[in-house]
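Next come two complexes built around chain A: one with chain B, the other with chain C.
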Partner chain A sequence: MIDPDRLANPGEGWVSREVYWDPAVYEAELERIFARCWLFVAHESQLPNPGDFLTTRMGQDGVIVTRRRDGQLAAYLNSCPHRGNKVCHAEAGNARGFVCNYHGWSFGLDGRLLGMWQQSTFEKSAGYDAGTLGLVPVAQIESYKGLVFATFDPLAPPLDEYLGDFRWYLDVLLDNDDGGTEFLPGCIRSVLHCNWKVAAENFAGDALHAGWTHDSGARAMLGQGLKGDIDPSSSYSINVNGHCWEFALDMVGNAATFGDRTVARYIRNRAEDVEARLGKLRARMIGAASSVNVFPNFSFLPGQNSFRVWFPRGPQETELHTWVLVNRRHPPEIKEAYRRGAMLTFSPSGLFEMDDGENWEQTTLVNAGVVTRRQKLWFGLGQGTRVAHDEFPGNVFQGQINDANQRAFYRRWAQLLGADTWADVKGDPGTDQQ
Partner chain B sequence: MERHLVVCPLAELAPGEMRRVDPPENAPILVCNLNGELWAVDDTCTHSRASLSEGELEGDEVFCPVHWGKFHVPTGRAMGFPAEQDLRTWPVGVQDEMIVVELGEG
Partner chain C sequence: MALWIEVSQFLAYEARVLDEERYDDWLALLTEDVHYWMPGIENRRRADPIGEYAPGRMAYFDDTLEDLCRRVLRFQQPSAWMEDPPTRHLHVVSNVEVSLEATGAGHPLGGQTIIAHSVVVNYRSRGERDQDTLYARRRDRLRRDGEGRLRIAERVVQLRHNVLVAKNINTFL
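Take a look at the complex of A and B:
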């Protein structure tokens, strides 16, 4: 196994570039992060009825997520136990079950093997036992307020414990209204030639890049660039168990990038109701200048409400899927405004998203150079900014122009890579972070 | 001689339900109640060997539980791959409040 302490020392504020390049590091991540952590697989609104299914991935493992006849959600490896062929080729739909193209092995919504072509010949074969040849299920699947997560690891702590106090922050978007949330129909897919962590760490805590990388986009959409030397007193970087949220308290900073003010106005009009439900501080986070990463690779942007997964496809390739989250009870014109705004800002053709791609790809691809690859990267911005806060739970740092969350991301990363099982993962690695 | 197969009391097969019966000298038969009308067809899927009684009855079609081949119940017609060969149909009626399938000359 690789030695994570050789690759990253967040306490000292550095990360080796090998983490973006080395195939051995990547393989270790698949084993110790993606086959172990709770991973986002669906929003419940995508699977309202029995037989509804979608296909996605957990790490590089293809899975089918479905609602069974009994109403329970389930997820299985999307691979036939007979010869391994991919079982379901559709992105989403409603089905009675799943039949493999290769030899006609057929599986129910509960994953059970129901039968196959030439069944009686199988049944005469010594050792054949249909009960042991169903689709392989994930170890655990659970929802938090509409978001469905699954893990391959039976030893993983319950989802509530895995998310911990980060749930308090997630409620800003998931629970600001009685009706709950939904994903708008459709999923936008694109491929980036970058390591998955470059994107995840950016959403975890890189407010710094926004004013520089996205300056031209901001001028186009806001009529002016973002201000330099932002006052850190009204912004924060917080993390819990490696899950990270950097934010200002400006309520509509991200929503304002839509240009059209429909969403920003709507958020302001709802402010009192949301305050009554979530309190003053969280009401100011709903559409604020902010970004979030739920460890390891599930990110979102409050305000634009772009939710996304960075699927790893090798050390130098990432497949991005994005969806738009809205409240179920948003009026149709507000849902439409979110849909258009998300397309205009953070889609492959969006004004802001295309700013990021080139930077992220070069950040990864320069490491083809063997000497370049040996150099360390500096992650020390904001060392010593930890503060105690009366209301904010978790590890709280003053100022969003701060690497604190990116350091927390790599603390969690190193903790998991260094642990043989979940039993060796001792608590939140951010608690002694300064 | 005419052979009859008594299935069950009519009251036990509600509309939208189906039931398999196993006559002593015939292949299993599937009796369906479609909106109050009774129909009977062979129970074994013509594609392979599954019992259609373990599948799903939707409208006037029955879906095989294994590969979801479908059959039109009133005519027995195979409606789509992998079901290509029609099901045999059987006359069915009610005598003294009991469902009875006519098996023909024995």
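Take a look at the complex of A and C:
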């Protein structure tokens, strides 16, 4: 079995490059992280009506997420119990059920086996029991304010507990208005030849790269580079259960990258209403210079409102799916400004995202060298910056130019890889982080 | 036939301008009111009324000239680290079909715009052996400027990919 302590010591501030390369590490992640954690699978707005479905993955397992006739959301393995063929080949749509192309096995929206080609022959066969041959459901599926998560592990704690106090931060985007949120229609997908963690840890806490990596994008969109010396007294890195949010309190730092001021102006105009709802501090986080990763692989950028999942496809390949989140009650021109803004900044053709892929691929692929991958990577920036804060829950660190969240990500990663079941996962591994 | 030759030559010239990263020259081939659209391609069933793509849904490009100028400005920054050493681009344009479409009376072009359908294959090679190939169909609406030169007023780039088999699109198709 993998010994996570050999691979990462966040307390001392290092991570082995093997975590990006070793196939055994990757297999352990599929078993102990992706088959175990609550994973983002949909936004409720993507499935408003009975029969609406989308296909996605949990780890490398293909799943169908659908709204049943009774209005409940459900998710099943996208694989026929008969010979295993995929039963749903479209990325989204509306259906009365799912029929396998191979032998015509047919399933209801509730996953039950309804019938098949040559049904009477099956019915005469000893041991055939349609009741045991439905689509395999996930163990648990729950929503948090529009975001739908599922887990394959019946022992996983409830979603509320899994997210913990991170919900207080998620409300910045999910609950700043009575009407709730929605995803704009469509989904952009691309392939990166990098390990999934390189991307996830970047969104968890790498504010550092923004000013350097994205200088060209900033100059094109803002007319100037990003500031080099950011005052650490007004920015934070916080984490809860390995979920990470690094942020300034500048309200529109991210939104400003759209160039066009429409969204930034709109956020400022709403500030008082949001303050009344969420308080002064959270009102300043809505479009701020910030990035977020919900453990393990669900990330977003407040301000650009680009939401994304880094699907693992082997140690050296990641498939990225991105969506744009807006408030349902945003006026149409604001929704359009978010759609175009996210496209121009953080999509495969975007002025900012373009520079990330190249870095992340090389960060991963250099480790083909056996001597190279023996080397450790330094994650020690911001050791000793933990602070007590009156309002911010969770583990709070002063300054967003800080590896504190990336260390927290690897603490959670090591905790899960080292645990045989959820019963062995004892609390937030970040609570004693300094 | 003369128009087909002229349009084919124009599209081949445009492809060479892009291969040579002469982005200011490329912008000069667009009209001021250009709409450059590369929608995201969705993998939906034939019966699904939403179809492969539609206006207002997620896109790679849904650009005005100002947006395209911003993209070019990024390519031209000395700090566009990933563009240095440069990408080796190749735009292959084929299957060119040309037709005329009636426009409003009193139009400076005698009431006609040129519709050009084409196929583009874009090969990119970066670093030592990193390579991507993208395939697309294009539908262009071309107009003549005051001096009679062809200019692109509208381009729809219909990618032949659902998942973009690349990490980015650091060019124009």
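Annotations
The working rule: the second predicted complex is superposed on the first by the 434 of 434 C-alpha atoms of A that agree within 3 Å, B and C clash if a C-alpha of one lies under 4 Å from a C-alpha of the other, contacts with A are read in each partner's own complex, and residues count from 1 in each chain.
FYI, a contact is a pair of C-beta atoms (placed from the backbone, for glycine too) under 8 Å apart; a residue touches a chain by one contact, two chains touch by 3 or more.
Small disclaimer: the values here were computed from a predicted structure and weren't measured.
The superposition on chain A brings chain B alongside chain C with room for both. Number of chain A residues touched is higher for C, counting chain B against chain C. Legend: residue contacts after superposition of the two complexes on their common chain; A:115 is shown touching chain B, with no touch to chain C.
Legend: residue contacts after superposition of the two complexes on their common chain; A:106 is shown touching chain B, with no touch to chain C. For the combined model, the angle formed at the CA centre of chain A by lines to the CA centres of chain B and chain C equals 80 degrees after rounding to the nearest 10. In the overlay built on the shared chain, the residue A:268 is in contact with neither chain B nor chain C.
Of the two partner chains, neither chain B nor chain C is touched by A:313.
Minimum Cα-Cα distance between chain B and chain C in the superposed model: 13 Å. Shared contact residues on chain A (touching chain B in one structure, chain C in the other): none found. On chain A, the positions that touch chain B within their shared complex are 96-97, 99, 104, 106, 114-120.
Per the touch definition, chain A reaches chain C in the complex via residues 89-94, 184-193, 213, 215-217, 219-221, 225, 259, 319, 322-324, 336, 339-340, 343-344, 347-349, 351, 353-355, 357-359, 361. Note for the complex: chain C touches chain A at residues 38-40, 42-45, 48, 50, 56-63, 67, 70-71, 73-74, 77, 79-83, 126, 130, 162-170.
Chain contact summary for the complex, chain B toward chain A: residues 48-50, 56, 63, 65-68, 82.
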